[in-house]
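In what follows, structures are represented as structure tokens.
What follows is chain A paired twice: with chain B in the first complex and chain C in the second.
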Partner chain A sequence: MSPAKNDFDVVIVGAGVAGAMVAYRLAKAGARVVMLEAGIRNPARPQIAGAYAIAPIKSPHSAYVQIEADAKAPSPDGAADYEQAFPEADRQYKSGYERRTGGSTWHWLGHTPRMLRSDFEMKSRYGGAKDFPLAMVDWPITYDDLEPWYCDAEREMGVAGSDEEWNDLFDSPRSQPFPMSMIWPSYSDMWIAEKINGKKFEGLEYRVRSTPSARNSSLYDGRPPCAGNSICVPVCPIGAKYDGYVHVKKAVDAGAALWEQCAVNGIDKDADGSVHTIRFLTYGNVPGKVSGDIVVIAANAIETPKLLLIAKLANSSGQVGCNLMDHLSKSTYGLAPEKLFPFRGPPSTSGIESFRDGPFRSNWAGFRVSLNNDGWSRKSSPQAQIIQLVTEKKLIGAELQAELFESVTRQVRLSCSVEVTPDHNNKVELSNNTDGLKIPKPKLTFSPSDYSLRGLAHATKTLRDIFRCIGATNIIDPNDADPRAFDGAGHIMGTCRMGKDPSQSVVDAHCRSHDHHNLFIVGSSVFPTVGSPNPTLTLAALALRAAQDVGKQLGIKKQRQTKP
Partner chain B sequence: MIDDFMALSRVLTGVEDLDVNLGRQYRDRLASSPFQPQLDEILERFHGLKKGENLVAQVKAKIVEVDRLRPTVCQIILLWYTSTVQDNLRMEPPAASLNFRYGTPEEYFSGLAWKIIGAHPPGLSGGYFGHWRYRPDNEPK
Partner chain C sequence: MPVTTRSDLLKLLCEAAELEHGIACSYLYAAFSLKRDISEGGMTWEEQQKVRRWAAQIYFVASQEMLHLALVWNLTTAIGGTPYYLRPNFPQDSTYYPLKVPLKLEPFGTRSLRRFIQYEHPETTPIEAEVRELLARAGEDEEEFSFASIGELYGSIRSGFEQIDGKELFIGTPTQQMTPEFVHFPDLVAVKDRVSALRAIDEITEQGEGRKGHRENSHFVAFVTMLKELLESRATGSGFSPSRPAMRNPSAGAGHGYAANPNPIGNPLAGRVAGLFDSAYSLMLRMLAWSFEFDSVDAGPQLKKFCNVAIDFMPRVLLPLGEGLMLMPAGEKYPGKTAGPGFGLTRHVMLPPDAKNAETLCRERIHELAAIAGDLLKQPLPDPVKAGCRHLQAIAGPF
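Up next, the complex of A and B:
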């Protein structure tokens, strides 16, 4: 490593899952590392669960409301909290994030499907068709390049899954078994699987699989097995679900420094094009700075481009902030003919992967289907049903109980998560408005492509067909009202795309800036395309891979992969 | 006063073993809410009923059927079932806003609705790994 002319070997901006994993690996290998985190440290889990319990609206951020942090390091909770470039509902970006130590994994669901081999090769495989988006590209790495790092990330996070169900899905083999056996499917999952497995829709066969999850199915890494507390979003009250704070703590234990409530507002560029000095503001508006031989930006796919745009860095391609993506999500509701007992277990334990890939992707987007265990809670509150039964049907006592039991226990929600395509016009820019520290807020433009909307249409038809197969009644399909409407999936991706061509991308295949040799960017911002899986495992795998490259650049000879 | 409130609550919820400490908290929350005048009238009517003689039918006839009292009846049930107060209930027709006022975490985790549907309060399963694979242990008969 170089002589200590800078304060640290590595300065990492953002103490979420990506930044924390990089910090842990490098600190463990002997590097001097500091993590700068704009947010605060969360209180103990029972306090978070208690805050959620009494929150008037049960949104992902409701458990984390903290007035000063929300002003100084705002955590948007959805469309209403953003600076949106356009007011139309179908042009709003809808996913939020947590600026807290540990990041948004505090409130993630925990699902960790891998991307498929084809997801890395979209242009080669499906490009050229009339309806295929021109902006779809190949990644500069393949599934095989990332596969060992997927295994590494699964070990670090503690992923539970079924080898039998997931090995070689769409020609995407696993070289190592899951660290833990699968999270058990729910009673509802198994009942639905029995009804639909083997049946086909649009030529593709239904097969319900348990969803791999960074959620313990046994004691792992000092954390307990899942007890099915059902509030993974916004918090696992017992720490059975992995979150980024696991690796923040490991990094600190390995010697990394953690500076919280430090909102970065500048990154200096040296005459030779390198970057070393990070400037920040504390919540007391006190400026500070810290320098490192290598700088790693590990904020999310909105905050990372925001910082780069403020600092005017890494943008010779003009791609910083562009290609903002998410997954389009939509739910359909129905009543099963039998009691399936929702509101127990993790909110979702199984899904259908059949529609993630196939020749159809020349024409429309692939998607995942999730079977959910949370009844109709996203559509209407349990209170609404009670109000209706008492005020309209005038039910009380045993009659009320019986009616509630009969209807709620049959509630089913199916949902889809549809691939979004990169688009130069979907972007993060700097707003003229500022946050509580006078740092510009991000301003977002987002409108899904026709390719994605066609995928959404096929996905919602699929949900409808599954309800038909299981004999559901009282089906509520939001497509009836507005086929183009969608929800956010909480999967903020794109905006600093990875690529071989410096004129078309922000970072290279190792997450290193094309423009600045000692600047790395980790997180889902580097995804050139996104497929349809939840992104956290892929971003963790990429971060661990980048940590090795940072280490090499620092001169660290050997970095050790660790097992809990 | 609390005895009448508890007895009325048992009829409205259909649950016999209600916690009297929770009952005091819920009564106090109602007493400081816009539902207070109707609560007084409901308790007065309930006090005048002949206990033991098909009490549910009497409560229905003398209290639940009265349009101006029904929102408060619903509010009492909402408190026991979900620990929430919903001021919009007093609107005509009642608006099912998502904006409910909760009390304490302990009240939230004591909501009866979850047990009634064979589930558990969100955040407090009290169960073992994988229990969601089976029909609930506490499935109502």
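Up next, the complex of A and C:
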């Protein structure tokens, strides 16, 4: 490594899962690393669960409300918290994020399916059809390039899954077994699987698979197994579910520095095009700066382009902030013909992968289906359901109890997660509005493509068909009211796309900026396309791969990989 | 000394089955004793979260002990034996087993945690100074812990599978082997040869003791951490009291076939609930042992049915009855103490080889137990006991 002319070897902006993994790997290899985190450190898990319990409105962020942090480093909790270009509900960006040490993984569900081989090759495989979006591209890397890093990320996070069910899904083989055996599917999942496995819809066969998740099915990495507390969102009260704080702590234990409540508001560019100095404001509005040989931006796919746009960096392609993506999500509700006893175990333990790939992707987007274990709680809280029975049906006492037992135990929610296509016009820009530190807020433009909306239509029809197969009644299908309506999936992606061509992309295949040789960008912002799986495992795999490249650039010859 | 004959190997597997089984019961007893609700007193809301985490971990460790028992049964049938589910009733002092392991039913606390740590301590390494110091801080037990590690027992079993010629050893029918397809244990290994046998043994020892150099994921470290946390919480002087005042080594009462030296429950109603617990527990074991013995080709439907019902019994019948007993008075002889389940293995026949006859015996018995549950429901009972009785009736209905 070079003599210490900068404060640190590596400055990492953002202490979420991607930044923390990079920090851990590099600190462990001997590099001097600092993580800058705009947010605060969370209180102990019981306090978070307690805050959620007393919150009048339940949303992921309601467990994390903290007045000063929410003013100085705001954590958007949904569409209403953004400045949006379009007022219409079906043209708004709906997914929020958490600016806290450990990042949004504090309240993620924990699902970790991999992307498929085809997800990396969308243009080559399905391009050319009349209705195929022109902005769909191939990744500069293949599934095979990332596969060893997927295994690495699965070990780091502690992923539980079934080798038998997941090996070679859609020509995407696994080279190593899952670190833990699967989280056992809920009773509801097994019951539904028995009814639908082998049946077909639109020519594709239903097969319910357990969903791989970063949730301990046994003692792993010093953390306990899942105890079925069922409140993974907004927090796992016992730490059985992986979150970014696991690696923040590991990085700090390995010698990395962690500077919290430091909101970055500038990055200086040197005359030779390199970047070394990061400027930030503390919550007391005190400016500070820190320098590193290498800078890694690991905020998220909204905060990262925001910073780059503020600093006017890495944007010779004009692509910074563009191609903002999510997954379109939609839930359908029904009552099963018999009691399935939801609310036991994690909120979702199984899904259907059959619709993620196939020739149909020339014409419409692929999607995943999730079988959920949380009754109708996403539609309205259990308390609201009780109030409704009391006020509308005038039930009380034993009758109320009997009705609740009869209906709540049969509640089923199915949901879909549909691929969103990149679009230059869907973007993050700087707003004229500022946060409590006078740093510009993001302004978002988002409107899903017809290709994605066609996928959404097929997905919701599929959910309806599954309900038909299981003999459900009282079906509530939001499609009946508005077929174009969708929810956010919390999967913020795109905006600093990876590619070979510097005129069309922000970073290269190793997450290094085309414009600045010592600037790396990690996280799901680098995804050129997104497929339909939950993104965290892929972004973790990319971050670990990038950490190796940062290490090489620093002159670290060999980095150790850890096997818990 | 290496094991070189099938008979010696089978004897050791029976000893392992007895120990895994007895230890699982001991863990369950401690987990049942942990308080659930703040209204039970002795803990703040924050402390309650810790107590529930401990309970979840002990239940998980107990479930892995049950998996170990299932693996031992697969190892046994793979070499021509039959699943061994018997064990001596509680308590047994350290003179009973060659390994000098004392088996007891005690509520959660420093005394039980000390014993659990000893059960799981690694075979090859002496207990570290830090853990020795922790055990000393937790107080002295009336018995000196000097028993050998359970890992050593598995070392002997391993030597048998390594030494004896595989062609002669593995005479069991492959379709006798239980897999996750039949019983909901995702890590259950089907044993068909030396490689799979050694894999099953490694799985057992690694879950208990951890892999060499990676102890952090073992039962051993889980219990050490729990004891540390308990001592730290007590040191704050907040009056923290995580467990119910359950009696030690209870038995449902006279005439239940106990051979050991237990403490008979004095309260008649609690004694009846404890009797129902024992009967349900014994029926569950008989169904499981039968399922592990017979060929899935011949007896597939019964085998699946028995496994489903037996597994259903654990969370829906045994757990609520066990927890509920700890909310019932133990009797005048035990002032301030609550009762508990004795895990008594009541005297009964093994289920017969004929699948239909086996099903008939089970059906008749489960309906008898449902009738007992119905009678009990006419009495004032704690909510968990009521739930356990109702679940038993619900399971019996369609059997």
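The criterion applied here is as follows: the second predicted complex is superposed on the first by the 564 of 564 C-alpha atoms of A that agree within 3 Å, B and C clash if a C-alpha of one lies under 4 Å from a C-alpha of the other, contacts with A are read in each partner's own complex, and residues count from 1 in each chain.
Simple rule for what comes next: a contact is a pair of C-beta atoms (placed from the backbone, for glycine too) under 8 Å apart; a residue touches a chain by one contact, two chains touch by 3 or more.
The structure displayed is predicted, hence computed values, not measured ones.
Residue contacts after overlaying the shared chain place A:220 against chain C, while chain B stays out of touching range.
Look at A:181: by the touch rule set out above, it reaches chain C but stays clear of chain B. In the superposed model, A:387 lies in contact with chain B only, and not with chain C.
In the superposition on chain A, contact of A:259 is made with neither chain B nor chain C. Of the two partner chains placed around the shared chain by superposition, neither chain B nor chain C is touched by A:360. Taken together, the two complexes place residues 49-50, 184, 217-218, 225, 227-228, 237 of chain A in contact with chain B and also with chain C.
Partner chain A is touched in their complex by these residues of chain B: 11-14, 56, 59-60, 64-65, 70-71, 73-74, 77-78, 81-82, 84, 86, 89, 93-94, 96, 98-105, 108-109, 113-114, 116-120, 122-136, 139-140.
On chain C, the positions that touch chain A within their shared complex are 45-46, 49-50, 52-53, 56-57, 59-60, 64, 184, 186-187, 207, 214, 216-219, 221-222. Across the complex, chain C is touched by residues 44-47, 49-50, 162, 181-182, 184, 217-222, 224-225, 227-228, 237-238, 564 of chain A.
For chain A in complex with chain B, the residues that touch the partner chain are 49-50, 52-57, 184-187, 190, 217-218, 225-231, 237, 339, 341-346, 349, 373, 380-384, 386-388, 390-391, 394, 396-401, 404-405, 408-409.
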